[in-house]
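Every chain is named by a letter (A, B, C and D) in the order it is written, and numbering of its residues begins at 1.
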C-alpha cells in the first residue's frame, strides 16, 4: 500500500453514467491482486471521505491503472468532470483480492459480475488468461445500453449476458441466468462481484465450492483496517471482519451478506 | 442587479499573486457605476459565502466584465486555478459606485489607489476620460514587481507611483506621496480605493472637499443589504451604514474607517 | 390540491419553503431578483422593542461548509417595522404569509413586541426567538432554561393574536426538555434549529475574529445536528416543526421533512445563492418523484 | 529545545500532534505509510473490559465537510489490548507515548480498565472517554452529568498509575460546568471535543442511514464549536487541554492552540489523508514563521 498523487491521463465516458479513468504513477508497479481496490480523494474540500474503486486493470509498462466507475453521488460526479492532467491523491492497492495461485493452466474459471462490480473482474480475467486458465464470464446489466467492456471481455473468453429487461442476452437477473445455463457446468474456481442480490445468489449457489469467492462493498472511513467502519459479520462465528482489510474478497459461506 | 452564470473566457496572471479574469455574459449590459462590485460564487461546496470584487472594466460590445484580484485565501486561490470555459455564478452589479455626474469636461480629478483597491479605479478613470475629465492617478504598491495595469493607467492620464520599499517611483506610502507632491494641486473630484491606511489618509486629507469619495471593504454575507453583516458606523451620527448597499463608496468624513 | 401545499397553525403554505430569519431581512432586495410570491412564507428579521445597533464588526466569518455570524439582532425596532417594513411587504405581496421573529432582553419586551406585531395584517405567525446566541441579555438564556422558556412562551401566547412557534436552541444537553416545557406552556409549534455557538480565531492577532468573540454556526455543516434534533423533538411531540439548519437543496429539505419537520426554512444558503428558495421550490417535484413522494403533506405523519 | 516540543502531565511530546482515538486504531496499518515515531504521541482506540462488537452497519456517513460515525466502541477488549495491541506498539515504537482511551458501561468497568491499562509500560496517560455518543449505556451519559463525571474521574484517578485526561462532550448546555466538576475531582487535564450527536436520513428508505440511527459528527464542520469550547474551558481552568475537532492543517492546529489547547489530536482528517499527522507536523514550522510564533509552548499561556 502506498499513497501517491496519480495523474489523470485520460477519462472516457463508457455509457450514460459509467466512466473510465486512466491514472498514471508508480502505483502501477505495486503488486496487484485482482479484486484489490484503491481509495481516491475527490478534490473537493467538502468531501471528507475517500472513494473506494476496484482496480479495473494495471499496466506496469505504461505506469497506468484504470478505474471504471458509475456516477452515483457527489464524489463520482465530480470525478467525472475532472480534466486530464489533474493529480488525484490515491491510496492503494488496498485489501485482499481474489486468490488465483491454486489454478493451473487449462483449468476452468467462472467469473460472475454485475454493474459496477464488473471492473475488478476484468483485471482478474486478464491475469487468469495469462496463467492459461480458461475463463467463462456471466455478466449482468440492467439494460443493453448500460453494457461496457463488451469487447474487452469477449477477447478473454466466453461471455454470457443477462439483462433485467431482456434487451440483450438472457432476460432476467444473473441468478436466473446461472440456473438456466450453468447448472451442469463445473468450474475449478468461481469469482463474483456485483450488487447484493448477485452476491447472495452466488454465495448460496456455490457455498460448498472449495474455490468460490465474492467481493463485498461496505461504507468505509479509513480504508485500511483501523476504524472498524466497514465490518461484516462472519457466518456461524462471533466475529466481525473488515471489508477493507480482511476483504473485500471473501470465500463463499464465510460472511453475512 | 442580476444573478447570472458568466463564462470565464480568459484568465491572466498579472503579477506574482494578482490575476485578471475576463467574464462574459449579459451582465456587461447592466449599467455599471465605477466602484460597484460583483459577488462571485467560488465553485467549491465547502465555501458558503460569495467573494466580492470591484468591477475593473466593462465592455458591453464584447459582453465582457474584467475583475482583477489578489490570491489571499482559499477562494481566490481556487479562482486562480479555474480553467477557461467554466461558468461562474455571479451577482451584480452591486452597491453604489463613485459619483461622477457633477463633473464637466476639462475639470480635474485625482484618483488614489493602492494594491487590490486599484481595479475599480480603472473603470472609473476610463469613464472619466470618456467624459473629457482630466485624470491624475496616485498609485501605491508594496514593491515594483507588484505593479499591474501600468500601461492601462498611463494611457488615461498622469500617474505618480509610490512603493513602500522605493523600488519604483516615490519611496513611501501614498499618504506621504500626497504630502510630497500633491499639497498645492487642486482637484474638482477625488476618488480613493485601497487599504485602510490609505483610506484614512485620504479621508483625513480631503474631509472638507465637496467631492471626495472613498470605497470601503467589509466582511459580507448577503452582499445586497439584507443581513447587516457589513455595517460601518456613520461619523457623528447614531447610524449604521451597509457597505454592500449604502456603499461601498462613501463621501469623505461620513463613516468611521 | 398541490403536491407542495402544507397547512400549519396560522399558515396555509403553497409550498413548504421559506427564508429563515435574519438571512433575508424583510426581503426588499431579494424582491429585485425574484417574485417573493413564489415563497411558501417569509420569516423576517428579528424585531425588538427599540432599535438595536447590533454587535461590533466583523460580524461574519466563513467556516468549512458554513458560516459564523454575530449580527446581534440589529434591527430598526418595532415602530419602524410596523410602519415601514411590514407595510412594504403587505403592499407588494399581500398574499405572502409573514412569520415575525420576535426577540428581547426581558419578558416584558418580548410580550410588548408580540402584542403589537401580531396585529399587523400580514403577520400570520410569530417565531419566538429564545435562542439567539449573539446577544448578551435574553436570547439564548431563555432557550436553555426550560422554566424561563415556558414562562416566556406562556406570556407571549397570552397576548399574541397569531400562533406562536418557539425557536429552539441546539446549544443544550437535551432539546426535548425545552420542547416539552414550551409545548406545555402553549406553544403552537417549534422552529428549529437556531445556530450552534462557535468561534474562529484570527491567526494574525491570535484573538477571536468576530467582533462579538463568538458567533452562531449555520450552513450545511450543521445539518446533521438539525436532523437529529428534529427527529428527537418529533418523537416527543406532535406539534408542527418548521425545520432549518443547512438546507440548500430539495434533497436537504426532504431530509429534514422526513426527520419530522413540516415546513422548511432556508437560512445561510441564501448567501451562496440568493435564489436558493425558488431554486429549491422548483427542484422539489422532481426530487419527490425520484423518492416516490406523492405530496409534502404525506411526509408529515404527525399532522 | 525544539520549537515544537510540549510538556504536559505524563507526556513529553516532541511535537504537539497526535492521532485522535478511534480514527487510527492502534496504528498498525498507518505504520506501513510512515514512521509512527514522527508523532508527538498516539491516542489509541477505546478499550473496554470485555471485547465489544459495536453497532450495526452502516457505521459511517459523509456529511458536508465532515462525517458521522457510530462505530460503537468495537474493540478486542482489555486482555487483547494488553497482550497484543500495546506490546506491538511498545516493541516497534518504544519511545512513542501512548494515550489509552478508556470506556465502559459502569463505573466499575472504567475503574478496572484504568487500573490495568495504566500499568502498560508504554501507556503514558489515560483519556477517559465519558463522551462517546454511540453507545446506549455509559459513554455520553457520564459526560453530560457533572456529578457522575466527577465521581467517575475520582474513581479512575484513584487507581490510575498515569495522569488522567477527561474527554469532554460538546453535547451539553454548558461545558464549563462539567470541566469544573472533573477538575475538582482530580483530573490532570482535558481532552476535547468528542463528536456532536447528529443524524442522516436515507431518502430512499426515509429512515436514519446509520445502523445506530444517530452518530457522532466530526471533521472540519465542527471546528468552530471545538474552538469555542476550548476557549470556554481555558477561561475557567489552567489544566492542560488536548484539543481536537476538525483539525486538518497546521493552521487549524495553531487555531486550537491559540484558543487554549496545549496539544492537538487529529481525528477524521486521517480518513481524507492517512498521512495527515506527519503532513501537519511538517507544515508547522513554516506556519509558525508566518504568524511569528517562536515555539508551540509560547502559545500555552496557562502552563
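As a working rule, a contact is a pair of C-beta atoms (placed from the backbone, for glycine too) under 8 Å apart; a residue touches a chain by one contact, two chains touch by 3 or more.
Chain labels with UniProt names: A, B = Dihydroorotate dehydrogenase B (NAD(+)), electron transfer subunit; C, D = Dihydroorotate dehydrogenase.
Keep in mind it's a predicted model, so treat the numbers as computed, not measured.
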| item | value |
| --- | --- |
| Common touching chains of chain D and chain B | A, C |
| Pair of chains joined by more contacts [C-beta pairs], A-C or B-C | B-C |
| Taking each chain's C-alpha mean as its centre, the one farthest from chain D | B |
| Chain A-chain D separation of Cα centroids, rounded to whole Å | 36 |
| Averaged-CA centre spacing for the pair chain B and chain A, given as whole angstrom | 55 |
| Whole-Å gap separating chain A and chain C, where each centre is the average of the chain's CA atoms | 47 |
| Sites on chain B at which at least two other chains make contact | 45-47 |
| Where chain D touches two or more other chains, by residue | 63-66, 219-220 |
| Pairwise touch network: line, ring, star, complete, or other | complete |
| For the chain B and chain C complex, residues of the former touching the latter | 1-3, 41, 45-50, 89, 91, 218-232, 238, 240, 245 |
| Chain A residues within the chain C interface of the complex | 45-46 |
| Contacting residues of chain D [partner chain C, same complex] | 63-66, 68, 144, 171-173, 196-201, 203-204, 206, 208, 214-215, 217, 219-225, 227-228, 231, 246, 251, 254-255, 258-259, 291, 299 |
| Chain B partner contacts - residues on chain A that touch it in the complex | 44-47, 74, 83 |
| Parts of chain D lying in touch with chain B, wherever the complex brings them together | 64-65, 220 |
